[in-house]
Amino acid sequence: MKKIINEPSNFVKESIQGLVTSHPDVYSFAEDNENVITRSTKASNKVGIVTGGGSGHLPVFTGYVGEGMLDACAIGSVFASPSVDQIASAIRNGNNGNGVLCIIGNYGGDVMNFEMACEIVAEEGIQTKKLIIADDIASASHEDRLKRRGIAGMIYIFKIAGSLAENGKSLEKVFEITSLANDNIRTLGVALSPCILPEAGKPTFEISNDEIEIGMGIHGEPGIKREKLRKADPLVDDLCKRILDDIKLDNKDKVSIMINSLGSTPLEELYIISKRVNENLSKLKIEIIKSHVGRYATSMEMAGMSITVLKLTDDLEKNLLSNSKCPFWTN
Amino acid sequence: MFNKDEMIKIFDELFIQSKIHYNDFNEADGKIGDGDLGITIQNGFQEIVNNKDNFTDDLGHNFMLCSQAFVKKSGSSFGTLIAFCLMNISKSLKGKKLLTHGNIIEIFEICIKTIKERGKTNLGDKTILDTLDFILNKIKEKKDNIKYSEIFKSSTKEALNSFKGKKILIGRARMFEEKTKDFDDPGMLALSKLAEGF
Amino acid sequence: MKKIINEPSNFVKESIQGLVTSHPDVYSFAEDNENVITRSTKASNKVGIVTGGGSGHLPVFTGYVGEGMLDACAIGSVFASPSVDQIASAIRNGNNGNGVLCIIGNYGGDVMNFEMACEIVAEEGIQTKKLIIADDIASASHEDRLKRRGIAGMIYIFKIAGSLAENGKSLEKVFEITSLANDNIRTLGVALSPCILPEAGKPTFEISNDEIEIGMGIHGEPGIKREKLRKADPLVDDLCKRILDDIKLDNKDKVSIMINSLGSTPLEELYIISKRVNENLSKLKIEIIKSHVGRYATSMEMAGMSITVLKLTDDLEKNLLSNSKCPFWTN
Amino acid sequence: MFNKDEMIKIFDELFIQSKIHYNDFNEADGKIGDGDLGITIQNGFQEIVNNKDNFTDDLGHNFMLCSQAFVKKSGSSFGTLIAFCLMNISKSLKGKKLLTHGNIIEIFEICIKTIKERGKTNLGDKTILDTLDFILNKIKEKKDNIKYSEIFKSSTKEALNSFKGKKILIGRARMFEEKTKDFDDPGMLALSKLAEGF
């Protein structure tokens, strides 16, 4: 886990500069805040879609700014919330005159700072709604599920909210449909190795060579179970069972799945996992409309992966599959 | 009694304590959370100390600098809550050069109100809110000859002890249910260790 | 470097099954050979574009099958060549009646097997041309450059060849233009950690915690220099200098760049690198038309990265930026 | 003299040698290449041994099985070249149940021709081609009372020794130029070690 970086304290700044420099047709720095990224071509009239959160999860969060996705994003330090003024700037920049949906990952700092920022911009006449993503079934019980953290499932919300807004839906409508989508998403992950925070220079946690941790958070928060590394199939079966116990799908249901690497787990393994998720769902006659396999929400070079299931309605399906322009999303 | 120089002395001391307990705080946080509490606290105090040359006699102004330091360097729950508290304290103390006993009480009242509001926290959740509440109650009891540093030291420890065996009711810690009875809340632990600096 | 897999001997088979199952709109198994992947919808009339090579490099090779890219691909075991009959099947399946361009990474087994397969299908009346990719400047000197190995730069050829074929160009024309493109590509990489072959279960090479190897091959072949890990900027400057010494660009030139992770090196670091490559080229007034930053050609979970420069002509630019349908390529 | 049973015995022995020298071959290859030569050779011979029950009296048929084994299990340069050689030998020996001295010479001539053609290799490049050429020359010299196993052992070693200090001229090894003078070519080394099994 060696890093190709310069000064650790410049890690976030330089990587975001690189992102903007590399894709000038997609991303721009906000004029008023160097920790806010906007689309390079501002949208007009549509509802704004804004998010923000800690760094170290690329493409989450900033990577999903782009046509058909987000309008603006506030960027925190590694694994830390952006500040109120950064978020307020993101909201102002993401606003196209018709209100802004704020998509928040349900981390303490993020939620509090977004709330404060929304109060501030409300005084300036910008209407906002806050959608708190809560897909990680390991982070709270079913009863307490509004308190769950947002992880890879968040990207489904970015896409669907982006599409709805692009299609001219009102803030209320975008909020209503994405809230429904949010209820329809479940994610469960497993971590195999830690990552190293550039400034700390040492692993975020310890795990022995034959162990995995089910449900570990994307910052290395303890999961629900530490166990011996198993073969892919029984592991995937276990994760699928936990997810399906939580969401309850019928054999007429259609879903989209996301098999997400936390960083270093390679595509080959993700596809072995995807194959098995497919087999689990097929057995229950659940139809997979679309599979997303890759690195969508990472913890830098952490090894591990998460499985996300999004239960689709016709409306959600249409918006999930609509066009968008973002280097990290293909349809 | 409490002026700019006192304030600087206190933050210098808090920074030292945050370095001493850096690993302890991270470890305590790592048991139930993401293990960054030591980083959060040290970064915040370090930034304050780095900016102490900009302190003026106006304590309200200084608290604003402190809030900005935490905003800039410390984006976790703890850091964010502290930043909000410091901002509200700053507003309330604007122009003040010296603090009275009443002001000290006010400071803790503001912190408690801010955390309840911003953190959506209840007393009894086993968080820093409970520790602050212990402190406030002790300060209010005393009428004269008050040794604040003694109160901070003793009541942060009392708070910590009185919550041993109770569940943590906020954040991701909820997932661990019964297990959290055996853990100190990392924030409460941190306040009790930091108080040793007073 | 723990792996989420089943039997190591099923690693390739299961991952390819997962690929096809996950993207049925893009990939299919060839009917006559389970180690050959074709487009799910066969093209008609256009020149066929076919490749093949060892597994463990996803998205290379199979991932680039798709509209506007490859027609078919032969899949070898991990880091090993597909066999003659597999390659012959890929050529047959990739043929749409107008000849097939075979794109080969210049590895001994691949080259020999492709040659033999081309002889076999020639007897059946299928015309082929072979384009040997040779972008890795660490694998042979400038004089010997036709003997260089193909690494990440290969993907530029897939894209350009795919576009030319899609636009109805003849086999001769596709070969001519892609040969030019091939001459215009240079790649240089650096490895930070080994990967583990599933069947071997141990690292492909050893490297200490503060060392990197410049020019290491994608199977762990020794590079041109082992040295202490440096900061990103001087390292990138060094790599850029070596590339630019080899390709000689003028200040009126325009290029596309690819910053490729070998596996576990995360996007954040790639963007820090991309930023610096950009600065190096800007200083020389070389224009970057398009940056590709991500995992394009990997060695499973190896840490490290490569920098590729493709010198563009107007024609190459048009074909590079044309539409295609592939989960691993966005325009 | 050389029939089906002899053939099986030889491949059994080669498989044993390939296991014994597995790490040596990988290591030698790792110095200039991808370090898979041990895997390549062992996998190939293992697959042959696994299929020996399908051997018949027709040696040509058996060589085809051997070729297919290398095709299936051994996709590196060495494995591919050996597979091509075995295929061409098979064609040439079709129907033969017993090999004469002339057939043995033929086998090595076929290998040499195949490798030159398919590998685009020249004598002197410091590859298995040179070793095979050494063997062929020795076999041709002898007229009667020929101990093939002795010839294989001695001439593979002679080949190896006579190329010490010379540059390897194929593959990625070219990059290391002068350095390759100090290395044995891994394929030549492998042939000399495998010959110990005869």
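So that you can tell them apart, the chains are marked A, B, C and D in the order they are listed, and the count of residues begins at 1 in each.
FYI, a contact is a pair of C-beta atoms (placed from the backbone, for glycine too) under 8 Å apart; a residue touches a chain by one contact, two chains touch by 3 or more.
For clarity, every value in this text was computed on a predicted model and none was experimentally measured.
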item: For chain D, the least number of touch steps when starting out from chain B; value: 3
item: Chain D and chain C - chains in contact with each; value: none
item: Whole-Å gap between the CA centroids of chain A and chain C; value: 29
item: Chain B and chain C, separation of their C-alpha mean positions in angstrom; value: 55
item: Centre-of-Cα separation between chain B and chain A, whole angstrom; value: 31
item: Contact pairs between chains, per stated definition; value: A-B, A-C, C-D
item: Residues of chain C touching chain D in the complex; value: 54, 76-77, 79-85, 107-109, 112-113, 115-116, 138-141, 144, 147, 149, 199-200, 204-205, 217, 219-222, 224
item: Partner chain A, residues of chain C touching it in the complex; value: 1-7, 11-12, 14-19, 21-23, 55-56, 58-59, 63, 190, 192-193, 209-210, 212, 229, 231-233, 235, 259, 263-276, 278, 291, 293-295, 298, 300-301, 303, 305, 326-330
item: For the chain D and chain C complex, residues of the former touching the latter; value: 30-36, 39-40, 71-72, 74-77, 79-81, 84, 118-119, 171-172, 174-176
